[in-house]
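Structure first, commentary second.
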């Protein structure tokens, strides 16, 4: 069983001194939403899409552990550069949705993209009252592109 | 007719004072407690400092649904909060704000207070039993043991004061503390009882009153991290707010009693008689605030004691010490 | 039941020795003090527990089954979430196991960064314990003080990896080398960001300070000592019998630390002690974790001076195919020994991934240690074992 409470009670009063000192110090509180903390540049907030760079290779959709990226594309033929030349086909995106209600924010899609079409951005204020609004389509993903920061400088 | 009108005015005034004191105490607990935890607490309710938070909470409680568990004993369940509230409010009837400014000038003031405040034990037991919840039952059983155990040191500490003062009336005790002990250069010095041999009694009284209030470090009946509010688990809405206000009103009440018995009540040293009407209540308010703040300070700093440690502290330490206290005070009263 | 029914019942059962039947108390999945959704079916006699049966599985997420249909890179991201308080420490044994199967060794700098991150997460996990344990015993202030200091550690981790709790930073052969790994034109390195050393040193000073503060506020508090000393004593043989590990085992007197025994990261170049206390009660488990924070601070400070420069990941093929084989790799999670048994058939996905999670074994001692204890002691003992339900149920 437990020991009896020993005299004297000095330890108790030292603890009380600590709380009273904390009471008179200014509280380190950030008054959200009037003041906001700025996240670090590498913070994984939201994924943004550069539509022109995407070639619909489907690597990101394949590698996603949650399969939350939905891609549809079609091929278009471009005019050959000179007459009689090869007809080039280009892949164009019809649909590129990331479902943020499923997304794990792991970053595998950003990492495996061979064409630099996906970028991380530290934006975090995109919560919605309806869960279906968390499916960001390619226009919305393109809007996040302006928030992508410069990568931070590295340690010397 | 005149008597009934006077009575109505006194009751209304008393309720107003007590409920205001309880609300202010709730606000101080929220704010001071938050700052002790390096956070801000209520901020947006009612302007800059969130002073309207307790009022907002009260309004929220008023508009809640009247819930009771299906198997609960409805009559007892509904009645329990009011028993606790009643005993908290009744003790204010005899606390003197000034020599003639007291709701009822009872000769048995101290006796009345101790008797009425022990009725709250009944309310807590009723709440714990009728909630049809095993956690509430455990909380109620713990409360029964704890509150009864700590009644004794409370009573015995007060007995020592009564012996020293020679009267059970609260006004009489304050006046006994204002009696001149000795004079220095022609100025009469009178000391409150805490400085004339009642230190041990004061400590015992404060410890016992924190235990009677079921506050940390003695809050086993509530024990938020084990029993999710113990005997209060099934209460919500107006019933919960009755318990809540009752607890804070008791806190103010017991502190007021401690201030009256040990710290000199409304008596101010070195003050001519004419100023006493104004200074008396202000000084009492100051003393009560200091004690209430001390109780709040303890709540936010220490962990809670286990039930058997509580009990052993009451029965093995506090009661013998308070009996010894009585003996010593009695001897000194006769000898000196 | 109504009071009238009980009145009739008691009239029937009264005798000289008042017989009170034992009550079955369901300390249910929703409870303030079980660290997650754990159900304990306790039979209590008044306040004393006569028997206890833990029911787990409320948080089973099927990690081992999920791992059968995920590639190794994908499993690394999932595995962070097993013991969500110590995210990186869940990845490390998995990646080490895969590296052993592929016979690849991570470069020096990668190993040192893994070490620093493991120790930062160890500090973070022990800080969570520091904040929640006094809260279960009734002291409400250490929670706020400690979690505020933990923010500094989480900021460090976020600055380096991008995620606060789930860094997802290990890759086979090292750590994540580039921001967008597949791209040929823009390679932004995920090396330590500027100011990392300075912020780390500041954060470590703060960790020492919060340990001192908690020493004053909690450890020196006589009420806290009265609640934890001599409560829930686990002798050393019982600890070994039930498979405890980590601070729980070290508090019972057995100085077993995988960091010293199995050198899975360059711990042998560092100077630190293995904290162990002979008692085995709740106070000892608490003190071991408190002292371990200080040891981890020492480790991080030394590691920052030693860390060499170099590449962040060894050369591995883009599409990872792990050769046939099986391996059991383990590491020192903040909560104990955490191990993976990986069976690979030579494909992109493992055939079988078995997770030896620390809290599952730490929890198994509950029905033994909680016999004949009081209900408040149940809370104290469960808190001191420091298990996380995600780890128990996987």
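The letters A, B and C name the chains in turn, as written, and every chain counts its residues from 1.
Definition applied: contacts are C-beta pairs under 8 Å (C-beta built on N, C-alpha and C of every residue); 3 or more make two chains touch, one makes a residue touch a chain.
Given the structure is predicted, the values throughout are model-derived calculations rather than measurements.
Among all pairs of chains, A-C has the largest number of C-beta pairs in contact.
Chain centres defined as mean CA positions place C nearest to the mean of all protein CA atoms.
Note on chain placement: the centre of subunit A and the centre of subunit B lie 53 Å apart, centres being C-alpha means. If each chain is reduced to the centroid of its CA atoms, subunit B and subunit C end up 44 Å from each other. For this pair, subunit A with subunit C, the centres built from the Cα atoms lie 26 Å apart. Listed for subunit B are residues 36-39, 300-302, 306, 309, each touching two or more other chains.
Subunit A has residues 2, 4-5, 12, 15, 18-19, 22, 28 in contact with two or more other chains. Shown for subunit C are the residues that touch two or more other chains, namely 141, 145, 148, 217-218, 221, 223, 226-227. Interface residues of subunit A, counted against subunit B in their complex, comprise 2, 4-5, 12, 15-16, 18-20, 22-25, 27-29, 31.
Within the complex, the subunit C residues that touch subunit A are 70-71, 73-74, 77-78, 141, 145, 148, 155, 158-163, 166, 168, 176, 178-186, 188-197, 213, 216-218, 220-223, 225-227, 229-231. Partner subunit C is touched in their complex by these residues of subunit A: 1-6, 9-12, 14-15, 18-19, 22, 28, 39-44, 59, 63, 65, 104-108, 110-116, 118-120, 151-156. By the touch rule above, subunit C contacts subunit B in their complex via residues 1-3, 23, 25-26, 31-33, 46-47, 134-141, 143-145, 148, 217-218, 221, 223-224, 226-227, 374-379.
Residue ranges on subunit B touching subunit A, taken from their complex, read 32, 34-40, 43, 297-298, 300-302, 306, 309, 312-313.
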